[in-house]
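Per-chain residue numbering starts at 1, and chain names A, B, C and D are given in the order in which the chains are listed.
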């Protein structure tokens, strides 16, 4: 089966090995090692890592379209956020009558905006299966419509990038509006429980962390399966010589659409896993700057090698955590400097370094880690 | 204005007396008493005191009233001595004596009691001063005064104003005063007054008519609303023009912000995320200039045009040499690197200057608005920005089309290798081009400092819009940027009144997305085979 | 004589040269038919009222000075460029102007670009794999598996184009000539009914040119492929040409055997008068 | 910058990715009391929040000069949530779980508070929130030292109606929860109390950082020319104010025609504006730098010395932190420990001097008593106080003018211990119930 293909690759096995090992390690260190012991991993760290992993999944999704399809999406934050909102809406409904105003149905913000009933698009989100379906469908649908329009009319390169940006920007403004019924600027917060588990207990946090890790693993395998399949090679073909691919009889726009939608859904899942761990979702996730940051993770980790995206996401966000805590007044210098230095000195990103070692083992991703630019 | 009642005779008296009253000694100075009466908590009493001052006929009263209006008239807590604060920033202020107007050294703000006024008193003072101004020789002051008096006249003013009108030379002033009187008569219930007010677009006239339209006397009510209707007719046209102006002005801002990017990004293909910060630098240059030249914001602003260009251009060169030159042919990496640069620049400003916004003063000739007619007036600062944007654009076109640099730039961007072969120093051209684009960004900053915050976030607010405009117009096409900017601006402003600010912006964005579907290469795509593939 | 036999011989060896069954209807003669085609780029007439007919199984050479509209003509046939007016028919049933590139390609029209375009990030082998005639919809592509038979065919083509030892290297590292061959190879994998070959021998050595010449002549034939070659290199054209069409300023200047056209004074004036080598460069 | 950060840098960098959780040994008695500061030093909110960080650091410094608290040093733990709301929650957790701070001073925007709230409640921390806000909230672990709507908006409107004779109202605000709620309250209040007609109220919302006010200002101008005295009640958020006021000035709307009373514009914001055209426009706060008391002058002098900037200005949220910090210190002294529950109980009823010459007391609903001042903008970027409430006003967590919250009260004293007690149903509502139950 094509889904199992990736397991034949050394690199993928290595990646999965490391990832799962880390999951196990953290779990053990958190549960088994007593608090106060230097090796104990606190709930704080667990949640933090969980957040990183969800970002990593998002980065993988972006790398799939950017690295292999050559589509620089500056709007993937939108799919991430939509997934997050779908999850957030479910969590809001779970609050039930424990909200400030004790309304059994309406979330607090609706109560004080004097809404007397749930808007139609909130219906069904009290059912987990529906909500989780929406986590994938909502971003998927957006990607489908948007992609259909864009690819059909052969919008390419920077033009595509900019309209993806316009898309997420428009969505951000829309979600800021209180009339939209998504809590406006405050977004959705004060979550209580997920599938009956109290979100404020460490066990749940650990659970979410592990779940995110597994989701990342699955997402990674899925993406590898795609890029190692013939379809993956067609994607690379579209990326490097779109016209040629057409003359070979491939309907480029459909391939682009397919990969784009898959990637959007992955981003949605990432968002859904992100929200319960950080405890809030608000329109700022739609902000164009955030979407650009995602691209930065990928570029920094190494574009066109999925594991590079993971490395990039972890690296940048860990750095952010450390710097904002350690040098609150100067951390932007550090982060900014990091971006500059990496681009200038590591053209292939961090993965560029590793790929030398992996060259022999893994041919595929190494070839495609030297793509021609999609823009200009 | 009830306050003005009864002191008009005093005012006139005051003018007869000017120069005849001997300056009394401080101790038994009646002025001291007059000012004492101001030093009270109750605003009612203050208002009495002000009337007293006006009617006193003391020649210094005008100065007192003005200083009171500016909140500069203050009282020393311990000595009870009245002083006029010359400069009221910082901890201790230079002052002069309120009676003799002699220098009285410095006083700590701790020891001074301000004689506060509220808007009611402010109104009273303004109309009082306005009445005085009616007697000055400067015709503009008189017109200003007459305008000020519109809608704030009462019985006691009628007679004196009649006389004023009688020997007033300037038609405009006469017209305004007549109108003012008419408004007064209307409030007295004189229906003929409406005839005089007909067709005036002045907002105070409309206010008067509106309240008349609500009056119990049906005749007046009908007449007033009739008058209002045809005023509304005129206003509709005006507000149409106004909206157009708003649109163009917003558009000009977009153009300014984007035009530099049209060079660095459109022509060089560098995705310069630090563009916004270059704009910011320009704005800060303006601020710095005004710090260097305190008291003459106008000159500072003019000087900061070249200065802003230079600073931003130098910064641009630094970026090009320091980062971008290593990223030839990797446009996407430039996005990454320049984003880093933008973070650094922002934080740099926060640390070196301040995280707070900085004040950039608008020179007098740029504040206020140009009155086309009483219903339509164009705000001057935006008018200047609009003009500035067009000038910058024209200049840029000239550089790109008519100069050697422009030629070389186009050559290098079209075929680098060939251009080199023809002996064009490509690297030098790169530097120049980037410097040019950055410099223009700096100019944009100088202009924006007149419209919005000058702070570390200035750049971020414009970077997205800038990219939108450039792409919408068609990458690499300056005309495209111009048209795109202006049209987006107009669309936005036309939508805003009925869609609201947020929705308008959303609609514009969606419009851009759909438009790119129709024309995947923007408004003015680069045509021909070169653009294929 | 030996030439013919070698052809026949090669025919037998390369059974993959037998074209894929294509829906094209050639019972009424021509396989490609352009009528009154005109296209302009910003006012400049790249193609001016062009009429051209290619018969089934024919090998046609098209020559003409730069800017004569050769490449643009190919763009039109393959659906990349839409003409302002005129009609283009593939066989007597398919109106190419109403189709997208992929549709046209899957009808059995293959194209080799002037500037060789292969997928540089992919290996030579993968390039051929993608080119191969197969179900090119999404899911089949996603789940496609490499069968032994496919492998053999790719191997054969690799052998033909002489890139066997480079099969696993990225196509990006190939020399110009090798890329030309790879692209021709991709055409062969496509098994088209009509091949449009744009400057196939640019940057090739003498031997390579010979091989190409043999290959192309071998391809063409009734019931097999029809081949349209655009070429500058007069020597090469002479070596393969049966019928030659001379394009000038977007329309046909002359048509006939190489000798006929080379006598045609107009042609001599606009084209052959100039030094062929210079043209080829 | 801060010595503490240096030492934390070294420690942080020593941390490998996976064991980022560093064991923090249980604090011995002589260890310093840790005061967390959670204000954005970068991003959009840095403009307003950085001074608050400095304020708290100054207060800590002063306290240490006075010998600290309970004989222990105070130590500031500064982090930068970078105007990123999820990051606020993360940083709050870091402060409480990692740094184990005893109290947090922080947040500006409502959304950041909402994002921090669950964390603070879960880890049972103390948060002092210094900014005027929309109310409709009362958490066991949060102390609201800024103004609730009834401490700012309502009195301001009263002033305009009674003293200025305003009959027509423009409620203009940035589109987020604080303006929305405030305007809802005001709308209800105007209609109930003054019988203002529907058509005499114009409500307008704009996005964050809105910079093009041409249309809106001209609409306001038009709305104001209907023959009734008109005023604008502005809940426009910090950054958008500069272009707004500039546009007002340029379109020739001066304070005597249409006064604008702002709830989010203080001395700090005015430093970014050329105030000459704005003289006479109003703001409602609980403190102005121009307040004429010695405590205030001392505070200002200390601030100027601390920042070394002669032109440095103070503003209302700074006073809120001043009050909050002193209240906390007082409560700690009273409780004899920094242990959260003890401090929480001890602090209710604590009264400390404010900067306006009175006292601020902590109410059972975790809001404080404040005087309300109305000031007019001067040409030197200061406000001159034109009116103030005769006595201090107690902050009301739940507005009496909103449907949902009319019947709610908050009292964190035993036995009620409830943030939203419904007096009609006589029960402690919603989530607070199980929170209290724990």
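Everything below uses one rule, namely that contacts are C-beta pairs under 8 Å (C-beta built on N, C-alpha and C of every residue); 3 or more make two chains touch, one makes a residue touch a chain.
Owing to the predicted nature of the structure, the values given are computational and were not obtained by experimental measurement.
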{"item": "Most centrally placed chain, judged by C-alpha centres", "value": "A"}
{"item": "Farthest-lying chain, centroid of Cα atoms versus that of chain D", "value": "C"}
{"item": "Intercentroid distance (Cα basis), chain D paired with chain C, Å", "value": "75"}
{"item": "Between chain D and chain A, distance of the C-alpha-averaged centres to the nearest whole Å", "value": "35"}
{"item": "Cα-centroid distance, chain B relative to chain D, in whole angstrom", "value": "30"}
{"item": "Centroid spacing, where centroids are CA-atom means, of chain B and chain C in whole angstrom", "value": "67"}
{"item": "Residues within chain B bordering two or more other chains", "value": "346-347, 460, 502, 505"}
{"item": "Multi-chain contact sites of chain C, meaning residues that touch two or more partners", "value": "80"}
{"item": "Where chain D touches two or more other chains at once, by residue number", "value": "41-42, 175, 207"}
{"item": "For the chain A and chain C complex, residues of the former touching the latter", "value": "2, 226, 229-231, 233-234, 236-237, 239-241, 243-252, 254-255, 258, 363, 367-368, 370-372"}
{"item": "Residue ranges of chain B in contact with chain A within the complex", "value": "269, 271, 273, 323, 326-327, 329-337, 339-344, 346-348, 351, 460, 464, 467-468, 471, 475, 502-503, 505-506, 509-510, 512-514, 516-518, 520-522, 533"}
{"item": "Residues on chain A engaged by chain B in the complex (per definition of touch)", "value": "72, 146, 149-150, 152-156, 158-159, 162-163, 165-167, 169-170, 173-174, 176-177, 242-243, 288-289, 292, 295-296, 299-300, 329-330, 332-333, 335-340, 342-344, 347, 373-376"}
{"item": "Of all residues in chain C, those that touch chain A in their complex", "value": "78, 80, 100-102, 105-106, 110-111, 113, 117-123, 126, 129-131, 133, 136-138, 141-145, 168, 170, 186, 190"}
{"item": "Residues of chain D touching chain A in the complex", "value": "1, 5, 8-9, 12-13, 15, 17-23, 25-26, 41-42, 78-82, 84-87, 89-91, 93-94, 97-98, 109-111, 114-115, 117-119, 122, 136-137, 175-177, 180-181, 184, 207-208, 402-405, 408, 419-420, 422, 429-434"}
